[in-house]
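Take a look at the structures listed below.
What follows is a pair of complexes built around subunit A, which joins subunit B in one and subunit C in the other.
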Partner chain A sequence: MEVRERPPAEAITKNTPLAKVRSQLAQIPLLGWLLGTLLTVVIEQAVGRPLALALGLSNIPGLFGLRIMLTKPALIPSAVAYVLLVYVLPTLVVARLSAPLANRLAQQLLDRFPLWVSLIVHLGLFYATMHLWGDISAYRVLFLKFILISIILTLSLNLVNGYMGEFSCSHPGFMALGAYGASVLTVLLFVNDDVFGTSLLPPALGPFLFPLTLVAGGLLASVGALVVAIPSFRTRGDYLAIISLAFMFIVKSVIENLEIIGGPRGFMNQPKWANLPTVFVWTAICLWMIYNFTRSTIGKAMCAVRDDEIAASAMTVNTRHTKIVTFLFAAFWAGVAGGLFAHVIGYINPGTFGVYKLSEVLAMVYLGGLNSVVGSIAGAAGLQLLMEVLRPLELFKWIVIPVLLIVLMIRRPTGLIAFTEVNIEDLLQPRRVPGKER
Partner chain B sequence: MALLQVNNMTHFFGGLRAVYDYDLEIEPGQVRGLIGPNGAGKTTIFNLITGIYPPTEGEIIFNGQNLVGLQPYQIAAQGVCRTFQTLRLWRHMTVLDHVKLARYSKIHYGLIGAFFGTSKRHREEAEIEEIAYNLLEMVGIKHDADQVVINLPYGVQRRVEMARALASEPQLLLLDEPTAGMNPEELVEMMEVIRRVRDELGLAIFLIEHRMKVVMDLCEIIQTLDFGEVIAEGTPAEIRSNPRVIDAYLGKEGIA
Partner chain C sequence: MTLATFFQHVLNALQWGSFYALIALGYSMVYGVLMLFNFTHGDIFMVGAYIGFFVSSGLVAFASLGIVALPNWLILVLTIILSMFLTSFVGMLVERVGYRPLRGVPRASAAITGLMIGIVLETGNLALLGARRRKFPILIETQGYQLGPVTVTNTKIMIVFLSLLLTLALHQFVRRSKWGMAMRAMAYDFVVVPLRGVPLNTIAALTFGLGSALAAAAGIFFGIAYPVLNPYMGLLIGWKAFVAAILGGRGSILGAALAGFLLGFIEIFVAAVFPSTLRDVIAYSIILLILTFRPHGFFGEPYSAHLRL
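After this line comes the complex of A and B, so read on.
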């Protein structure tokens, strides 16, 4: 377990430049990468604006200069230079230089403290990076929040469509239930408005009780899921797809016809309590619970039900119970995501939770990869970024993205990172010198 | 008292009579065989005992409890576990996960443990893992524990099924053609595994098999089935010389 300070990497690796770079990078632990990116965003805060202006850009590029490249081709060299100078180069240099230190630190963290301490340190660094990156503009913060919410949605849908091998279409419906449930509660309890009158509780309590309203929204979504689950899990097959699709439309039209919550005009005045740390913490909790669940023997029953239900039931697995629990759990998180979404924007309308949302979440699941937590994160972040970046193309966005998805489905039918699980413990480990492992 | 007692079991698929007036009695630790031509209803009998479908008539008593009407997972949890004629493995899962999952009904940490990773859960998962490794060692595939099953050779997959069935701690093991499609080498190994299971775990075993060598070597009592009815029941020697069995199944020359 000893970590070398100065690895003689050149001596043991092949001489091709690529292999050299790879061997250098392989020595960097996750902690080193996080330190690198953290310093990068600090640099951007300090010199980002002057540098961008010097390169001929009007301001700091919002999303890695990707949108600038699409709209103003003449500025591509400047944008690339900015990304290289501010993000890529400092990250690589800092990560590589700090690798020995980071390795030792990672080792110490794992040796001296329980695993969760190390995990919290990593998450904290990651959050700091995100926060500082978002500090540059409100647009970036909103973008980050949407990514995090998409991750919750994608992960929870992956439980049903990937891990359990059923096909559920009702995720936007659950999201709507969660969004409206949580919104009605916060507005009723903590906001003075003309729909529900004066607040029932002092508004100052709001931010503290906000998590409870999110949970309530999640539970409401779970109750909705039970309505879908009871008839559709009696047998196997396409029933769930049909019933859940119907459920999504029912939820949408019920909300449209409920005047008290605004009907088709939508529901507003939600306090914007879902700031970046809140959304981040909820995403982390979601990730942690789903990670735990998928790795437990009880959770693996989902995969057995998917791969062979008769065998699962012959091996003492209560298949119906497994399906219903998974479905309700997934719906709960969709509901929480909905609640967060409502309190990010401060306004929701039933139109948001329709087929468009459904196709978006499904695309994220299948792009990222079935049966994989990492895949879902990649899929959600990737597609969200793609949709944001391609926004200048307007309508053509909806030609480019589907074509990309089709190509992906042909090349990798189960998604980018399907059926791969990453062990958190392995991820947090310090890296050994290549060639000297074991 | 018999471990498993089946009385007057009859099953119809629509108008087709698949099993008729079937009786069976298995003592603890006994190895019994079920033979018969294709389509005689052998696998149907297994499916009826394990609850995949309920019998039209009759009763199935296991340890004094009636199994008719119970779900397959409840029957398996009672201690009747089986393997399948055509392999029914979970294609994306590792060998270790297969064996661990068959402990499902014996897990106590519940959903709280599954969601929050409590220390109780870690303790239980570690225990299950140890049991799983022991079983994999017993059937001789411990080194393949982390492999995904579809990447493994057929003989190994058969043993995964065996280890998985054993992990649920059955008192009665139903083996549906455990040596089907095996080459002679794998066959010898499988017979060895079955013997070890019988001797070390003391299970009662009820097996369907087409290879006479396996049946005659392993079983104490053999039933012969034809068109859903038992046409003969007895020791291997009796079955071998029974004219009805020779007529319906073994053939005049076919005694291995």
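After this line comes the complex of A and C, so read on.
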């Protein structure tokens, strides 16, 4: 696994103002940045609204003022001022001021405790930031949930299309299986409605057993993935693409024909248990598992199968085992993403899991970059943000986004961040202060 | 099912299959020669249908001026030829914008640009022409003939006949002409053949152009058979034709056409025997079975290492 070398802070020339800023910023560890953003959102909670009103905005801008800039060009200066005053400036100042403290803290965390403690602390801070940011409006919470679900989905597709080098089109199908599996279980077990009658278990138990229903949905998707995984023993590449595409259509069509779960009308009444902490925890688990999966023996076997199946098999890689495990694992996470999606919205219909979903997920994977967990996160979050920000353009959104993606693909054909990985241990390290050895 | 309804279904399946076959040819050519998925092709079919609509409406309006006497059959012939010609440029444009800059990078990237150009075409159509559905002008009156108990219409016969003709023409072009030979050579070896002086860009543009022309023909035939056009008409039919193209086997023109007709037969007969909502389930399950036992399509060669995505 390739690890990107970070240049030492001393190496940056200190002549230009930009370089000075960069050398200042290079001293801030991740912990410092997280502290900065956390304080920023606290500040936004405290003074965001008066400040926004003072700047002439009607309310706190939902997404960094980007949508306001599109709908009301006259307000662009105020929106920019708001972003600078509330987000950029406090983050920079706090991060820089707290850098010595944060560096020491990060060092202590790494020295005294195992790695995962430091990781949990960072994730906790990140979640706190996200939670407080989302506290401002329900819209932001929904947006964050969609980003997190897209990340799970993109990562799991990246396993098959990136690490294993197939071109699988079946992910909307896996997602649909997971969504319907989990929804049917929760509605059957915990909800009194007219489809399945009274709940089999007391509804109060629901939120506690909800993860189990998600897992069940994921397992259902895994079972469905066998349909694609078994033919992949004999064929790959383009013919497998067709098999997976056919699978996607079959799933959609089967669901449309099952009257008991609503058929083409969709399935509703799912309790909205997928709140932000739940989705976040699932995303974190998914990230952790997939990150480790790609670095495990089977992950390496996966890359070997991608590069040369025959050679891999000659070097004692069990290609069938590798393929089936990867497919089932990826499908499981797609199913979990589907289950979360269903319990965020509280309604699903088979039309959601069609070719448009496929285009979206494929675009996220290839935009972000193959073989890269970070790339997938960037691709999913980037595209989701783009789709949300450009919403005021209405119909023209679907011209602007594809054109942007085409330009991006042509400029960076392998995606934004492909075939590179951030070493987590590296990321959590404190930064050295220039000229001062530890 | 009586014998009469059986033959009626055969006729319907032939017509339905000819749309798939004509569109699948375009996919198959691009796939065979350049090893790329042209995911824009379904939308090129839609664009072809709209171009056909505008050309034929224009010609009808021109004929009604009374300067030149234009009988309806001549309008139809002119519409087909002109639309095929115009749509081939759309195909070449797609190649130039979305595929040529991405040659030599992982093929999936080009698939993404193709998908995105497709979305641009759909939305652009919607934005330019509005959500109102267009009605294709009726150029030839549908006449039914009774062949025993089976009703045969002249439009069905014409569509099936012209589709077969175009398929065979393409096959002959690829088999016999110099350009066709260059295309086959390119399909054989993508790297060495350009070194021997075969212009890669011209061949690529030609491949896209020819495929798009056939898609335009399919679009016009579709407009004649089902005269309501909408911007998303190419979406589902395009993906299905894509399945047919791959099912036919890499680079096999007759295979793609055959698979297109087969898909038409499966769909029509499934809908005839079972409830029509089960059509997709059964059709795709059959395809899945075929691919499980013949993993390289009907006429495709086994997968080799350098054809990787």
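Operating definition for what follows: the second predicted complex is superposed on the first by the 420 of 438 C-alpha atoms of A that agree within 3 Å, B and C clash if a C-alpha of one lies under 4 Å from a C-alpha of the other, contacts with A are read in each partner's own complex, and residues count from 1 in each chain.
Note that in this section a contact is a pair of C-beta atoms (placed from the backbone, for glycine too) under 8 Å apart; a residue touches a chain by one contact, two chains touch by 3 or more.
Keep in mind that this is a model prediction, so the values were computed, not measured.
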{"item": "Joint occupancy of subunit A by subunit B and subunit C, clash or fit", "value": "fit"}
{"item": "Contacts of A:413 with subunit B and subunit C, given as first, second, both or neither", "value": "second"}
{"item": "Partner chain(s) touched by A:247 [first = subunit B, second = subunit C, both, neither]", "value": "second"}
{"item": "Partner chain(s) touched by A:310 [first = subunit B, second = subunit C, both, neither]", "value": "both"}
{"item": "Subunit B versus subunit C as contact partner of A:371, first or second or both or neither", "value": "first"}
{"item": "Which superposed partner A:143 touches (first subunit B, second subunit C, both, neither)", "value": "neither"}
{"item": "Partner chain in contact with A:398 - subunit B first, subunit C second, else both or neither", "value": "second"}
{"item": "Partner chain in contact with A:318 - subunit B first, subunit C second, else both or neither", "value": "first"}
{"item": "Touch count on subunit A, higher of subunit B and subunit C", "value": "C"}
{"item": "Smallest separation in angstrom, by C-alpha atoms, between subunit B and subunit C in the superposition", "value": "11"}
{"item": "Set of subunit A residues, in rising order, touched by both subunit B and subunit C", "value": "308, 310"}
{"item": "For the subunit C and subunit A complex, residues of the former touching the latter", "value": "31, 37, 97-98, 101-102, 105-106, 108-109, 111-113, 115-117, 119-120, 122-124, 126-127, 235-236, 239, 242-243, 246-247, 250, 277-281, 284-285, 287-288, 291-292, 295-297, 300, 303, 305, 307-309"}
{"item": "Sites on subunit A touched by subunit C in the complex", "value": "161, 165-167, 227, 230-231, 234-239, 241-243, 245-247, 249-250, 252-254, 256-257, 308-310, 355, 359, 362-363, 366-367, 370, 395-396, 398-399, 401-403, 405-406, 409-410, 413-415"}
{"item": "Touch list for subunit B against partner subunit A, complex", "value": "50, 52, 71-73, 76-77, 81-82, 84, 88-93, 97, 100-107, 109-111, 113-117, 121, 125, 128, 164-165, 167-168"}
{"item": "Subunit B-facing residues of subunit A, complex", "value": "288-289, 292-293, 296-301, 303-304, 306-308, 310-319, 325, 329, 371, 419"}
